[in-house]
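In the part that follows, the structures are each spelled out as structure tokens.
In the two complexes below, subunit A is the common chain; its partner is subunit B in one and subunit C in the other.
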Partner chain A sequence: MSSDNKALYARISRRETHSPRSLLAIVLAVVLIIVFAWVGTEVVIALLGLPALLVAPSDMFVSALGVAEQPAAIVAAAGIVAAVIGLVLIILSLSPGRRARHVIDTERAATVVDNEVIASALARHASYAGNVDPDNTTVSVSHRRAVVDLTPTSGIPANRDDVAEAVTAQLDAYGLRPTVRARVQIAEKAKVGA
Partner chain B sequence: MSIASTTETGAAQRGRTRVTSKALNKVVSAVTADALGVDAARVGVELADHTGALALVVTTPIRIVSLDRVSTDNSVVARSGGTILDRAGQAQTTIRDRVSALTGSQIARVTVKVSGVTIQPEERVK
Partner chain C sequence: MNSTNRAANRLLIFVCGLLLLVVGAAAAAAVLVPLVRDAWKDTSGQVTDQVASWLEQTQLAGIGVSWILIAVVALLVIAIIVLIVFISRQGRGHTGIALTDPTSEHGSTVIESSVAEHALKDALDAHSEFVGSHVSTYKVRRTPVLKVSVTCRRGVSPKDAAAIVESKLHALDELLGRELPALIQISGGFRARVTKTTRLQLPLRKKKNMPKPLVWLVVIAVGTTAYVVGAKAGHGRYKEISETAKAFWNDPAVKKARARAQKKTQKAAKKAVKKISK
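Right after this comes the complex of A and B.
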């Protein structure tokens, strides 16, 4: 495989496993463009001495400075809303924005697999290894961890080591990136006749 | 069941065998009826879980010899298998062993509730 392809696949994998911020960026840019276009228009209109569209620029500055004189409750509420919006934007911009997907190491293609797919594959093997009904097997896969929950049938104990071994073997065979570690939990209380 | 799951040709590799609670109920009531000499239809079974093993509660009548016979000949009690308590106790062990052997389930405890009697005259050996 050429290094060209390698770089290409790495880029594709990254795009597929991370959420694009383009929608958010476009919305923010459009909002800002509209606001600044309006302010610019108001300035030009004020310079020409025509009546303002919505608010004259001088009134904008006066009212902005006079915020402190407004009722405290309204000002505080508006401030909190603005702070929350700002905080959400900062978190969104700094968080990794990972999608619930993993990359599988393959030679010839960039392969991406949904976490749900990994989970259902693991659930099948776990339920066979533990001799537990597939309906009583739950697996949740996150970025670095797969949690296998088994509710055994009353009278037929499930061996945790067997399940852990089977699940780990499967995970090793998949070759996921980043690697996923399995944790097996067997419910204390079993189900009758399941 | 580690044997089923770990070996290459174990049961878990071929699929899964599931014994439903209905089937368990029937097995338990049949075994109980057999152990106490009563009609299986009159045996009530409750299945519960006890930290992963089965807990059985069987409500059953028990077959006894008539009191007239006991009052005339006390050895009848011993011949019919002991007192009601003795026989219920034996039935617990029998139920545990046989249900476990038939269904492959681990059984934590067996509770036998004697809810009635069926009076059966001793039959003369022909």
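Right after this comes the complex of A and C.
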């Protein structure tokens, strides 16, 4: 891999593992377009001296300034809701927006893999190592942690160390970035069947 | 992979959030905090007078309309155009050309990306590890990059999946005589945990392509206009329209045309029946 491709792959991997926030941006843009179009239409209609569609621009202006005279409860509630939405938007715009994906070290290409696939593969190996039905194995993979939950079959004990070893070996083999640590939990009550 | 300007997305969200936060907090403070409330009342009168005097001073001679309002409309139109461009720029970056050889004395060579895409897809579909695959080409920093998305069956190791795709990529490199940068995206179709024993593996539903944002925009615009017009016009207008439609339907000339059309279709149907029964 040339150094030129390395920078390219780093950029692609970063973009593929983080959300572009496109949906939210498009929704906001559409809302803004609708509001702007409406206000513009109202102003033009007012300039032409025709009756307003919904609210005349002068009324908009006056009621916006006279917000202190309106019923306090309604204005306060609306203001607080708007402020909270605003705060959420600011947090969303600044937070990294990680997707549930990991980068795998590969030689030829940049590779990203969904956490779901990692969990699925770990579940297969864990159920094999623990001698447990695959459908009684639950794995959830997050950014830095994989939690393996096993419910053994009645009468067949599952060895926690074997499962942990198998899962860790698998995780090491994948070479995930960032690295994922496994935690194995074996249910105390076994059950029969799936 | 696409060329969406993510900084612009985040900037728009941030500005909208800041605006909402400031306006909402100001409105809440204006009614809840007595100090702010008094100050608000004092200034609001001044602001009204100031704006009124501005509008007076800026009246255009001929029409008696302030140019400030016209400027406001112009600004709104510009803002709308900018936002439409912003929306239409999302998710771009596809390219149809994978390789361009510089012109030599014998001419130049252009390899379309569909060559690489079809070759890879054919090779990948033969593998039972994958439920499906999709190959597309994007331009990243002016370099065409292949994006190979594969959907794995349950329990397939991501390392194995990556190795399979990489082997296909190496084969493609030999075919093209050049190494195309590539992204492998491995996703899964099956939940790691299934509540009942799985006997049958259902194929994954394919993700439908989202309609382009512009389509949504048009739909929303038309819907809004229709709603506003409808709300303004009210029931009286609806009756008028339906009366006009009824009058047109029952118009003698239209009736005649309808009868003629009916006859013609009946004749054609008879002919068709004859031909078929022969």
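We adopt the following convention: the second predicted complex is superposed on the first by the 152 of 194 C-alpha atoms of A that agree within 3 Å, B and C clash if a C-alpha of one lies under 4 Å from a C-alpha of the other, contacts with A are read in each partner's own complex, and residues count from 1 in each chain.
What we mean here is this: a contact is a pair of C-beta atoms (placed from the backbone, for glycine too) under 8 Å apart; a residue touches a chain by one contact, two chains touch by 3 or more.
Just so you know, these numbers come straight off a predicted model, no measurement behind them.
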{"item": "Which superposed partner A:131 touches (first subunit B, second subunit C, both, neither)", "value": "first"}
{"item": "Partner chain(s) touched by A:159 [first = subunit B, second = subunit C, both, neither]", "value": "first"}
{"item": "Contacts of A:28 with subunit B and subunit C, given as first, second, both or neither", "value": "second"}
{"item": "Partner contacting more residues of subunit A (subunit B vs subunit C)", "value": "C"}
{"item": "Contacts of A:106 with subunit B and subunit C, given as first, second, both or neither", "value": "second"}
{"item": "Subunit B versus subunit C as contact partner of A:55, first or second or both or neither", "value": "neither"}
{"item": "Partner chain in contact with A:15 - subunit B first, subunit C second, else both or neither", "value": "second"}
{"item": "Which superposed partner A:188 touches (first subunit B, second subunit C, both, neither)", "value": "first"}
{"item": "Shared subunit A contacts, counted only where both subunit B and subunit C touch the same residue", "value": "133, 194"}
{"item": "List of subunit A residues in touch with subunit B within their complex", "value": "127-131, 133, 152-157, 159, 162, 166, 188-194"}
{"item": "Touching residues on subunit A, where the partner in the complex is subunit C", "value": "5, 8-9, 11-12, 15-16, 20-22, 24-26, 28-30, 32-34, 36-37, 39-40, 43-44, 46-47, 53-54, 57, 61-62, 65-70, 72, 75-76, 78-94, 104, 106-114, 116-124, 133-135, 137-140, 170, 173-175, 194"}
{"item": "Residue ranges of subunit C touching subunit A (in the complex, touch as defined)", "value": "1-2, 4, 6, 8-14, 16-32, 37, 40-41, 44, 47-48, 51, 65, 69-70, 72-73, 76-77, 79-80, 83-84, 86-87, 90-91, 140-141, 143, 145, 148, 152, 154-159, 161-162, 165-166, 169-170, 179, 181-188, 190-198, 213, 216-217, 220-221, 224, 228, 232"}
{"item": "In the complex, subunit B residues that touch subunit A", "value": "1-2, 4-6, 11-13, 16, 18-24, 47-54, 103-107"}
